[in-house]
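First the structure, then my questions, so here it is.
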Amino acid sequence: MGSLLLAAGLLVLGGAAALAAGRNARWASFFGAGGALLGACVGIIPAVAVLAGRPVQPLRLAWGLPIGAFSLALDPLSAFFVVPILGLCALAAVYGTEYLKPYAPRRPLGACWFFFDLLAASMLIVVVARDSVLFLIAWEVMALASYFLVTFEDEKESVRQAGWTYLVATHLGTVFLLLFFMLLAREGGSTSLSAVPVLSARLASVAFALALIGFGTKAGFIPMHVWLPEAHPAAPSHVSAVMSGVMIKTGIYGLMRALTMLGAPPVWWGWCLVGVGAVSGILGVLFALAQHDLKRLLAYHSVENIGIIALGLGVGMLGRAHGLPLVAMLGFGGALLHVLNHALFKGLLFLGAGSVLHGAGTRDMEHLGGLLKRMPWTGTCFLIGAAAICGLPPLNGFVSEFLIYLAAFCAVVQGQAFGGAIVIAALALIGGLALACFTKAFGVVFLGEPRGEKAAQAHECGVAMRLSMAVLAAGCLFVGLFGPLVLSWSDGPVGQLAGLPPADFPDSWQTALMPLCSVSAGAAVLLGLLLLAAALRAWLQRGREIGRGLTWGCGYAAPSARMQYTASSFAQPITGLFSFFLRTRERAVDPEGYFPGPASYATETPDVFREGLYRPAFEGALKTALRLRWLQHGRIQLYVLYIALTLLVLLVWRLGCS
Amino acid sequence: MIWALLGVPMVAGAAAFLIRPDGPRRLLLLAAALAHALLTAACWGGLPGPALGGYLELDAAGRLFLSLTSVLFLAAAVYAVGFLKSAGHTKEEEDAEGFLFDNAPEAVFTGCLLLFLGTMSLSALSQHFGLLWVGIEATTLVSAPLIHFHRQRRSLEATWKYLLICSVGIALALLGNFFLAVAARLHPDLLMTGRELAAHAAELDVTWLKAAFLLFLVGYGTKMGLAPLHTWLPDAHSEAPSVVSALLSGALLNCAFLALMRVNAVLCAAGLADFTGGLFMGFGLLSMAVAAAFIIGQTDFKRMLAYSSVEHMGVLAFGVGLGSAAPAALLHAVNHSLTKAMLFLTAGNLLAAARTKSVGEIRGLLRAVPFSGFLWLMGFLAITGSPPFGPFISELWILQGALSRHHGALAALYLALLGAVFVGMATIVLKMSHGEPSERLKAAPAEDDPWRLWPPALLAAAVLVLGLWVPRPLLNAVKEAAVVLGAR
Amino acid sequence: MQLSALHLPLALLGAPLLPGVINRVKAFFAGRTGPSVLQPYLDLLKLLQKGAVYSRTTTWVFRAGPIVALASTTAALTLLPLGGLPALLAFPGDLVFFAYVLALGRFFTVAAALDTGSAFEGMGASREVWFAALSEPALLLGLAAMARQTGKLSLTSLYAALGPTVLLEPGGPALLLVAAALLIIFLAENSRIPFDDPNTHLELTMIHEVMVLDHGGPDFGLIQYAAALKMWVLGALASGLLLPVRTGRPWLDLLAGLCGLFAVALFTGVVESVMARLRLTRVSQLLAAAAAFSVLALMLVRSAPAVSEVPRVLSARISLRTAP
Amino acid sequence: MSFWVESLVILVVLSNLRVLGASRLSACIQTVAFQGALLGLLPVLANLDALTVRLLLQAGASTFLKAAVFPWLLGRALRQAGLQREVEPFVGFTASLAAGVLFLGAALWLGARLPQAGPEGLGRLVPTALFTIFVGLFVIVSRRQAVTQVLGYLILENGIYAFGMAFAEHQPLLVELGILLDVFMAVFVMGITLFHIHREFDHLDTDRLTALKD
C-alpha cells in the first residue's frame, strides 16, 4: 500500500517539478515523463502482486476533514484497473516527450506535464480509494486535470467549446455521484466504502440509477456521451490516449464497484445495462462511421467499446440474477478483459492518430492517404490496432468479445434466449460496422495515394513515439494469443462481481476458461496457416518476373489521387442506410453541362443528441433565466414593495392561521 | 479586551479623518488592521469576560465571525493600500459611458473603512439584541460612503438603493426587537440577550415570538441578501470598489447572518426549531434559485460574483434550516467568505487591467494577466464547490445533513441549483480565461504591485488548504459556535 | 475419428468443383454445353503459373490480402463439420471464432482493394463491408437458434445433434427459417446472384470481382481458390442443416454431406439462372430479412432439454460449490 | 392624563393622513416634524406622575432630533434641489388618502387582534403605531422624490418608535440612545446622498435612477 502512495507522490512530485521547470521544455518533459515512468513502475508492483494472489494491507491515515477518511485498499478489482492505468500513462508519457516538442516554442510545457501527472495520480487514487469523500475529491481532481489538458490549445475556438462541454458534463455527472455516495453514507452510517451498507430494494434501485447516470457520464454511455467526441479529439494525442484508454474506464470501475456494494442485482438492472450497451455500441459505431476527423472517429469508437463492456456487464448481471453462474462469470470476465483490451488498442490507435497528426499535420481523413509508405511503423501499428478493435482473431479484441458472446450463447441455451439474442445481435452488428469503419479509417489514411500536399510530405515519427506504439501493439498480440493466462489472473475481480464464494471460485473459473484455451489454439493454427500461405505464395512467385505498373483504371490510363474513393463515399451506403437517425448533412456540387466543371461531395454528421437534446435544453434554460430578468428592474420603490409584500405574506401565512 | 476590539478601529477611524498626508494614514490603516487581528487572535487563547453588564460578550460564535471579519479586513487593508496608491487622486474613466470622474477623498474612505470594521466588530460582540441592531444599522451607514467612493452616477445610485432598502429592512428588525420584548413581557427585568432569553424560553409568548422572528427574518434577511430581499446587493457589490465589495460580501453579510442565528437560537430554545427551520430552508432554496437564474447569462462579472453571494447566503440558510447541519453551515460561511473575498480582490485586479466589467469584452486572461487569470479560474472552481477547495467540503457536509434528515427531494433540488450555478459561472469564467487576449487586455499593465497580488493569493492558498485539511481548532470552534447558536 | 482428418484434404481438393458445378448448371439452363466441371482447376493452374504485376501505389498490405484470405478460410475449414464428420478443432463457442475468422479474411481483402487507390475497387470494398455488416448478425443469430434447439455450443456437436428427425421435433420446423437465412447468407457472402453477378462485365455493378481487379497471377489464383473454399464452408453450413443424415456410419454420412454440398451448388446454379441481380438498395432489405428469419427462429425453437456439455460440466461443478 | 395620550394619538393619525394627502414637500416635512415632536413628548405625557431625568433626557433628545434637526436637513436638501411639490406620485393623493383609510382600518383590526400586552391606557397606541408603519412603507413605495422617501423612512421609524413606547417602555437607555444615534446618522447620510444625487443628476426623482438593472 505504501508503494502505491509513493507512486502517487512520485507522480505529483514529477508534475510539480515540471511545473517549476516551466518554460524550459527539455527539463519539463524530463521531470514530467520521469515522474510518470517512475510512479508507474513503483505503483504497478503491488497491483501485480495482488492479482497474483498476494493481498496487500489496506491503509487508513488520519485526515483533517469534518467528513470522510483517508483510507485506501487494493483489492483485485482495484488492482485490475491499476495495471492498465499506470501502464498506459507511462507509455503515453514516453510518447509525449517527443509529441509535445513542436509546441515548446509557443507555450510552456510545464503546466501540461503537471496536469498529465496529476491526472495519472488522481486516477490511481480513484481506483484505490475506499472512502466516498476521498473518492469524490480524486474524481473531481481527475476531471479538472483532464480539463486543463483538453484546453491545452485553447487559442482554438473549437477547443474552448470542447473544454466547456467537458467540464459541464463531468460536473453534472458528479452531481449524481454526490447523491449516490451520500445516500450510501447515510445507510451505512459512515462514508467508508469498505463497510457495505444493506440497502432496501427500493433504495438499492435508486442508488443503481444514480450510479448508472453518474458513472455513465464519465464512461460515455449514450446519451451522456456528448462530451466525449468533443473533448478527446481536442486534447493532445497522448492525453487523448490516456483519457480514452483508461480515464473513461474509471467510470466503468465506479459502476463495477457500485455493483459489488449494492448486493444481488434485480433482473431489470441487467436489462438496463444490456439496453444501454446495445444502444451505445451500435449508435457509437454508426456515428464513428460518419466521421472524417480521425480522432473524432476514434472517440466515437470509445463510446462503442464502452457499449460492449456494458453488454458484458449486463449479460453477467442477467446471469447472476437468474442464478446462472457460468453466464455471470463469462459476462463479467469478458467485460473486465475488454476494459484492458480497449486500453491497449484504443491507446495504440490514438497514439497512431497522434503520430499521423504529428507527421502529416492534419486529422482530416479526406486530406490524408498513402501514409503507409512514408510512415511504415505508424501504419503497421495502426493496422494491428484497427484489426484488434474490430475483434478479429488472433488479436486481443476478439478474446474479450468471444467471452461475451459465449456468455450470451450460454444464456441462450440455458433459457435466457431473449437477453442472449439481444447481446449476440448487438455484438454482431457492432462487429460488422466496426470492420467497415476501420477498413475505412486505415484504408483512407494509410493506403492508396495521398489526397493532399501535407500527406505527401508526411514524415515518420521518432523513436520514443514508435516505441510506445510498438509496445502496445505487442500487447494486443500477446493478449490475443495468451488470453487465458491474463484471465486466470483476473479471477479475483470476476468473483467479486459474480458474487461467487472466493474460496473455491478460481478453479471453476479455470474451467470456464477452457474454451478460451482452444481459442488460443485456434489463433495459433491461424498464424501457422498464414505463414504457410505466405510461404506458398513465395514459392509460387520464385523466379517469375514481378512487374510494376499503374493501378488498373479499367482502361483509363492516367489515374490521379483525386479519383480515389473518399472516406465520405466509402461510408455513404451504410450512413445512407441509417440516415433517418444520423441526419448526415451532405454538401454536393454536381457536375453540370457538357464540359462539367469541378464537382464535390462532402458530408458532416453532428451529434444527434447534442443537437437534438442538450442544445435545446440549455438554450431553453437560458431563455427562462433571461425571462426572469425583469425582477431586477432598478425601481427602488418596487424593491421596497418586495420587502413589504414578503413580510405581509409571511405574517399571513405563518401567523394568520394561529 | 472587548473595549480594545471596539476602540482600536473606532479611534483609528476617527483619527483617519483628521490626518492630512496619505503616507501616515495608510500606515495607520495597516496598523489598526494588524492590531485588531492580533487582538482577535489573542481571543483564541481564551474568551474575554463580558463587558457592559453582559451587553457585550464574545462567545464562540462571535469569535468565529469576528476572526473572519478581522482576517478579511487585514487582507483588504493591505490591498487597499495598493488600491489607493493607484486610484487615490487620479481622475478615472467610467467604464460604461467613458466620462471622467474623481474619487472620494482618501481620508473619508480610510476613516469609513476603519469605522466599518468597528461597527462589524460591535455586531459580532453584542449579545443584547438592541445593541446588535444598533451595530448592524451602523454598518450600513458607515459603509454607504465606501460604496460611493467612485464619485459617479452608477455608484451613487447603488449607494442610495443600499441605504434606503437596508434602512427600511433593518427598521423592521427594530420592530422585531420590540416584539421580542413583548414576547418576554412576563419577565420585565429580563436582559434582552440571546442567552437570557434562551434560558427563559419556556415562558416566552409563542405568537409574539414567531412574529418577532418573521420581522427579524425579513429585516436582517434584507441585509443578508436573501431573495427576494436581495435587490440592493448586486448593485452595491458591482459599483463599490472591489476591496469594499470583498468586505461587504465576505464580512458584512455574515454579520446579518450571525444576528439571524442569534434570534434563531432563542426560538430553537423555545421549541420552535421546525418553524424557523422550514423558513430558513425555503428562503435558502429560493435565494439559490434566484441567484442561479441571474448568474446564467450574466454580462457583468462583478454582478455575477454578487449573485453568487446571494446563492451562498441561500446555502447558509439552507444549512441552518436543517438544524443538524449548522456546523456545516458555519464552516461554509468561513469558506465562502475567504473565497468570495479572494474573488472580489482578483476582480479588482482584472478591472484595473481590462478597465471594464463587461464579460463580453474580456478574453484570454490566462495569457494577458497570468497570475490574476489563474486566481480567477481557481476562485471560480472553489466557489462553485469543486474539490479540492474548501467550499466543496462544507457543501458536501450540508448535503449529508440534508440526507440524514431524509430531505431527499430538497437535497436533490439543492444539488440541481448548485449545478445550475456551476454551469452559469463556467460559461462566463471560461470564456474570460481562455483564448487570445481581447482588445481591452492587449494593453494590460504588468502585474507588478505586490500590495494587490499577495492578499488574494494568500486567501486562495487558505481556501485550498481548507479543502484538504480543516485545522482541529477551527473545526472545534465551528462546532462550539453551532452549540452556542442552539443547533440541535 | 481418423475420418475427420480426411475432411480437410477433401475440401481443399474438392472446393473448386463447386463453381464448376454452378457454371455447368447455368450453361444447362442457358441451353449451352458450357465449360467442363473441372474448368476452375484449369483456370487455377494457369493463374498459378503466371508472374505478377503490382501497382506502384500498392504496399505490402496489397500482397497480404490473398494470403490472409486463403489462411482465414482454411482456418474456418478446420472448424467445420461435414456430414457426420467432426471438425479438426471443436470447442464451445467455436462458431463465433468461425464467423470472426472469416471476417479477418474480409478485412484484408478490403484493405488490399483500398490499397490500389482505384475508385472501382474502393466502391467494391465499400459494398463488401456494407453487406457483411448486415449478414454477420444473421449468421450468428441463426447459429444461436440452432444452439438453442440442440443445446450445443460448438459447430461439431451442434451439427451432430441434428438428427434426420430434427425437423419433426418440437420447435424443429423453425429451423427451416435458419436454413433459409443460411442460404441467403451463402449467396451474399459468395457474392452470387441476386447479390452480385460474378460474370458481369460492367465493373460498376460488381462487388467481389471488382475488389480484385488489380490482383494478377498467383495472387488472383489464391483469391479464386479462397473464394471456392469459402463457398464450400458456407455451403456445408446450410447443407448440414438441410440434409441432416445421421446414419451412424461415417462413410455414409460423409457421402450425404457431400451430396448436400453439391445440392446447394445446384440450387445456386438454378437461382442464378432464373433470377436477376437485385438493385443494390434492395440487397440490404434481403439481408435484413435473413436476420429477421434468424431472430424468428431463435424465438420459436424450443429451448434444449439438457444444457450443453461444457455448461453442464461447469454448472455442475459450480453449483455444487455455490450451493448455499 | 390618558386624555393627553388620546388626543395625541389622534393627532398622530391625522398627521399621517395629511402626509398622504399633501403634495407640497415642505408641508410633508413639517407634518413629519410635528409627528416626531408628538411622539417625543409621548413618554413624558404618558407618565407625568413619575417623571425621571432619564425620561426627560430621552424625550428631549428625540424631540430635538425629529422636530428640529431632520426638518432642517431635509429642508436644506429641498432648497438645494429647488423642489416645491411631489409631482405625479405613482399613487395619486386622493387614492393615497383612500389607501390611508384602508390602512387605518387594517391597523385597528390587527391591533384589536393582538394580545393586549402593554400597560393600561397605551392600548390605543398600538393601532396608531401599526398605522404609522403602514403609511411609512406606503409613502416610500408610492412616491417618486427621494426626499419623500426619506420622509417615509422617518414615518416608519416613528411608527416603530411609537410601538416601542406602547410596549417595551423599559428599553435600556444605552440602546435608546444608540437607536436615536443610528436614526440620526441614517437621515444625515441620506441627506448627504440626496445632495450628491442632486449634484450629479440635477433631480431627485428616484424613478429615473434605474441605470442599474439586469
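Note that the chains take the letters A, B, C and D in the order they are written out, and that residue 1 is the start of every chain.
One rule holds for everything that comes next: a contact is a pair of C-beta atoms (placed from the backbone, for glycine too) under 8 Å apart; a residue touches a chain by one contact, two chains touch by 3 or more.
Model, not experiment: these values are computed from the prediction.
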item: Pair joined by the larger number of C-beta contacts - A-B, B-D; value: A-B
item: Chain whose Cα mean lies nearest the overall Cα mean; value: A
item: Centre-to-centre distance between chain C and chain B (centres being mean Cα positions), rounded to whole Å; value: 77
item: Whole-Å gap separating chain C and chain D, where each centre is the average of the chain's CA atoms; value: 100
item: Centroid distance [mean C-alpha coordinates] between chain B and chain A, Å; value: 44
item: Chain B-chain D separation of Cα centroids, rounded to whole Å; value: 31
item: Residues within chain D bordering two or more other chains; value: 137, 140, 149, 206, 209, 211-212, 214
item: For chain C, residues contacting two or more additional chains; value: none
item: Contacts with 2+ other chains: residues of chain B; value: 160-161, 164, 168, 207, 234, 294
item: Listing of all chain pairs that touch each other, if any do; value: A-B, A-C, A-D, B-D
item: In the complex, chain A residues that touch chain B; value: 63-67, 133, 136-137, 140-141, 144, 151, 154-155, 157, 160, 163-164, 167-168, 171-172, 175, 178-179, 182-183, 185-186, 618, 621-622, 624-626, 628-629, 631-632, 636, 639-640, 642-643, 646-647, 650-651, 654-655, 658
item: Touch list for chain D against partner chain A, complex; value: 90, 137, 140-144, 149, 206-207, 209-214
item: Complex interface listing, chain D residues touching chain B; value: 115, 117, 133, 137, 140, 146, 149, 153, 156-157, 160, 163-164, 167-168, 170-172, 174-175, 178-179, 181-182, 185-186, 189-190, 193, 196-197, 200-201, 206, 209, 211-212, 214
item: Chain C partner contacts - residues on chain A that touch it in the complex; value: 324-326, 329, 369-370, 372-373, 383, 387, 390-393, 398, 401-402, 405-406, 408-410, 412-415, 417-418, 420-421, 424-425, 427-429, 431-433, 435-436, 438-440, 442-444, 447-449, 500-501, 504-505, 508, 511-512, 514-515, 518-519, 521-522, 525-526, 529-530, 532-534, 536-537, 540-541, 544-554, 559, 561, 563-565, 569-574, 577
item: Chain B residues touching chain A - in the complex, by the definition given at the top; value: 160-161, 164-165, 168-169, 172, 207, 210-211, 214-215, 217-218, 222, 228-229, 231-232, 234, 275, 279, 290, 292-294, 296-297, 327-328, 331, 366, 381, 386-388, 392-393, 396-397, 399-400, 403-404, 411-412, 415-416, 418-420, 422-424, 426-427, 430-431, 434-436, 467-472, 475
